[in-house]
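Here come two complexes built around chain A, the first alongside chain B, the second alongside chain C.
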Partner chain A sequence: MAKHETPMLDQLESGPWPSFVSDIKQEIAHRKANPNNVELQIPAEVPEDILGVLELSFKHGRTHWKHGGIVGVFGYGGGVIGRYCDQPEMFPGVAHFHTIRVNQPAGKFYSTEFLRKLCDLWEFRGSGITNMHGSTGDIVFLGTHTKQLEEIFFELTHNLNQDLGGSGSNLRTPSDCIGQARCEYACYDTQALCHALTNEYQDELHRPAFPYKFKFKFDGCPNCCVASIARADMSFVGTWRDDIKIDQEAVKAYIGGEIAPNAGAHSGRDWGPFDIQKEVIGLCPTGCMWMEGDKLMIDNRECTRCMHCINVMPRALRIGDDRGLSILVGAKAPILDGAQMGSLLVPFIKAEDPYDEIKEVIEKVWDWWMEEGKNRERLGELIKRQGFQRLLEMTEIEPTPQHVKEPRSNPYIFWKEEEVEGGWQRDVNKFREDHKR
Partner chain B sequence: MAFISSGYDPNEPMKNRITDIGPRHYEDFYPPVIAKNKGKWLYHEILEPGVLVHVAESGDEVYTVRVGGARLMSVTHIREICDIADKYCGGHVRWTTRNNIEFMVDSKDKVAPLKADLASRKFDGGSFKFPIGGTGAGITNIVHTQGWIHCHTPATDASGPVKACMDELFADFQSMRMPAQVRVSLACCLNMCGAVHCSDIAILGYHRKPPMLDHEYLDKMCEIPLAIAACPTAAIKPAKVEINGQKLNTVSINNSRCMFCGNCYTMCPALPLADKEGDGIVIMAGGKVSNRISAPKFSKVVVAFLPNEPPRWPSTTDTIKKIVEAYAAGANKYERLGEWAERIGWERFFERCDLPFTHHLIDDFRDPAYFTWRQTTQFKF
Partner chain C sequence: MDEVEARKTIVATLEGKKGKSKFYLKDFYAMFPEEKPRTIKNIVNKMVGEGTLEYWSSGSTTLIGLKGVGKQAGAEHED
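On to the complex of A and B.
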């Protein structure tokens, strides 16, 4: 007999897509049976109370969680999200029910040995319910009692060699695309850079000292699989600056229909025979490709590395060899003055261990933002408020046409006095010698 | 249920404390074929929906079977994933950014038994545990936020609407008939923890009623200056009220300036704004993050409000189906939803998707609004 009736949630057990309701129910059954005789440190019925609260929200059309309170582990300002239920008598198991953000490994590969240890810990000291993963990237342990927080942190660090992720006004847990681990488009090692910067900036990650949150995300190429350009204060997007490598034999094979275009991504419909003119050359945004006989030609100087042709013909076209990344800054969600995409700050930088040049850019940006940013002002908003020119000045980066989509269409230039010949100090009486009052 | 200490001593928190060690090193977790061929992959191919092969310079191959999953996941389920990974994949597994799970094997003959096993597993309630799909020009898993399962500001649930939508879109998770990939995201409030502002289709929870004022408790529960400072539109002012002859410090809200963001509620629990009729869903469309062909784009609001309809949110799923079908019928090969809408024109988009255009869809929020009006005589009748 279920502790709470959940008729609406039960509805979500039907249908083909994996049902989180069925999954939580199997955890309920598991905790009740407790086959391994685990000395559960929070009540066995916690997952039942989770379903109960959620059912009540389905009925009321409103959440039953209250925020915060200051909970966390000693010495850290992030990694734990405090949460209390607003119906503690009905759902005592989740009366206080805080989440823990566990910093995921770069690339999100796991050994089952490690995953099982995480599961054992979370069954023993928590609800047994997780998010794999939260949208920032962390493994989220969804709900435990206040008293268990330090215990879990102690076990994570001592037994699993594993630290917490970020929350609050600090560096949030960085995350990356699969990159070179399994993707032929990757222009740098996203896992290596993600891991290196995560470890370099542990203090910034755990101890809030920023005006607001700050995110790094790492995409190996302009396809942007982790959406860095839309959702990171600093986006690191792989690119190259020499020529796309062409295998003319493979081009012929695509034209001849021997290889499916776009790695077979369109096989669910008959789109007709592959037409390189229409599907590749005609869609190239810069018009920098053409055929000479049966040879595909690219004017690489004009290519903007949009990835389209490479995506369509991965066996014929490969990224260049002079590889690195572009850094874009200031992406943020709409709150408040509208959403911002990242704006290009560093067109090209090499991504080579120990990444000193990259760290230099990061630290200059932080110095400026920590000095000038208002409370809860994201980097993108500061750039808007003080201007992109100011950002270039503070990061000591030379302005280039690559920084803009187009030059300004107003002439309202804030000239600085030192830029104007002779300065601004003038003698009005001298002026009046030529211009009568 | 006796308390068992981990070794942590609350009286001496610094004793033996380990901090700032960061995440585990990724190299601890690579399957051998990945470790060996990293950075030396030549090309890949999607053999069928959900199954990829990557071929390395060495001639090595890695076959990946991708399956969908709810990101809300129990340890029992994770252990089952581990059992499968132990049996077929040498004890390795990975998650994708979009909450899918990838099982990798190093030769083709290992694919069929793995697939058969994955496809055969079902929850007691009948749904698949590990549906294979989520590749290429199809509709992959939805990235989403917490919703009613754990957050305090949501205007809709997350896991519920996601399950309802993926049930409706299931055939397209397992096929590749779309003109290009379709990325669907959900954020349960306008803070948008999730990345919804740049998705082909975004489902966004939105409140429509300003906060209520719990005058009697406000000064006790909140730092009034913090609540005032939290409001992005400066709608909140300090105020005094008299209740039962007692003069109380509180705030007043200029309701016409409220954009329903809930920031004040985050600072001050005496300003609740959730409401059954007020809260619901905004549908946005046409965004993308890839730089392919055209620049990344924001999603646009195409339906201003749909009610919350637990447990299956039929108005939301119907609307999404309509958009998906119109796009599948009208777009050119490789064309993303937003590129299609821009090519045919947004006036045609509403016609093709059979969606009404209302005044709510015209931007009136600050400077960027102007750039969304039509400053040309070119339009379609």
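On to the complex of A and C.
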């Protein structure tokens, strides 16, 4: 017999998707049975009370959680998110339900042994419920009591070689795609850069430094598997400067149906024979591809490196050899202001250890935002408020055509008085002598 | 800037603000308009480490106040 009746949550289990309700019920059964005789440090009933409080919230159409608190571990201003339930008598298991963000390894590579250790620790000192992974990228430990925090922190840092992630007005846990470890599209080593910057900016990661949160995300190519362009204040997207490499024999093999397009994906139904005109050339967003006889041609000056043609014909087309990354800034979800995608700041920069050029851009951006940003104002909002031109001045980056999305849609470049012959004060009448109205 | 003086200014300013116990980092910058934000940030974080100040976090935003002033974890009956 369940501790709380949860008819609305039970109904959610009937849908086609894997259900978190079923997952939590599984944990309830596991904590009750406790087959390994773990000395649970917080009550066994925590997962039952999670379902209970959520059912009540559905019933009331209101939340029963309170936000925020002083909880944390010593010396850290982030990584722990305090949460309390406003019905502690009804749901004692979740009266105190603090979340811990654990800095996921670059590329999210784990050994099963490490995962087991994490789970054992969390079963022992927490709710047993995790979120792998939060949208920040972190391993998220959901729900424990204040007294457990230092113990968990000690165990993580001393025995699991594992640090906490960021929260609050800190640098957030940097996160990256799997990159060169498994992906031939990777234009730089995302894991190396993610790891290097995580180490470089430890102080910003663990102690509040900014007007609000700040996120770095690293994508090895414009496919953007970690969606950096939509989610990071600063996105590092791999790209190349020279030409897409074409294997004309392989192009013929795709046309002849010998190689499956899209590396065999979308093959659940019969789309008919591969049509390079319709599926590749016709979908190129810049219209820079054409056939000359049976040869595929690309005008690389026009190509925006969107990845479409390479994704469809990976054996025929490959990323170029002169590789690096583009830096985009200002993406954010809608909290104070609407959602925003990143704007291109640095079209191309080499990604080579020790990444000094990249760090220089980062620090100039931070100096500006720390000085000018209002409380709870994200970088993207500051760029909108003071203008992209101001950002270029502060980062000492020359305006280039790549900064313009399309003519007339983002005209952020304005003349300044000193750049105009005669300034704002010239003699209009004299001008009118030569230029009639 | 003299760090000892800066600490005194911070404590005195916060004690002077009646009815408010949690502050944004920017409020600290405003106490020292001549200084680089980074310098002040480092002093504030040091004062938290030493136990003079403490953080309060909503999860997405961090506020800072004098340790023990205002609403505390104890108010949630966790002890």
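Definition applied: the second predicted complex is superposed on the first by the 398 of 437 C-alpha atoms of A that agree within 3 Å, B and C clash if a C-alpha of one lies under 4 Å from a C-alpha of the other, contacts with A are read in each partner's own complex, and residues count from 1 in each chain.
Here is the rule we go by: a residue touches a chain if its C-beta (ideal position, glycine included) is under 8 Å from a C-beta of that chain, and two chains touch if they have at least 3 such contacts.
Everything numeric here is computed off the predicted structure, so don't read it as measured data.
Looking at the shared chain after the overlay, A:54 reaches chain B, while chain C stays out of its contact range. With both structures placed on the common chain, the touch criterion links A:430 to neither chain B nor chain C. Once chain A of one complex is fitted onto chain A of the other, the partner contacts of A:222 are limited to chain B, with no touch recorded for chain C. Of the two partner chains placed by the overlay, neither chain B nor chain C lies in contact with A:301.
When the shared chain is aligned, chain B and chain C each come close enough to touch A:75. Judged by the touch definition given at the top, the superposed model places A:211 against chain C, while chain B stays out of reach. Contact comparison for chain A: of chain B and chain C, B touches the greater number of residues. Of the two partner chains, neither chain B nor chain C is touched by A:416. In the superposed model, A:109 makes contact with chain B only, not with chain C. Put simply, chain A uses residues 67-68, 75, 83, 99, 147, 203, 335, 375 to touch chain B in one complex and chain C in the other. Here chain C touches chain A in the complex through residues 24-26, 37-38, 41, 45, 48-49, 54-62, 64, 72-73, 76-78, going by the rule given at the top. Of all the residues in chain A, the ones that touch chain C in their complex are 67-72, 75, 77-78, 80-84, 88, 95-96, 99, 145-147, 167-170, 203, 207-213, 335, 367, 370-371, 374-376.
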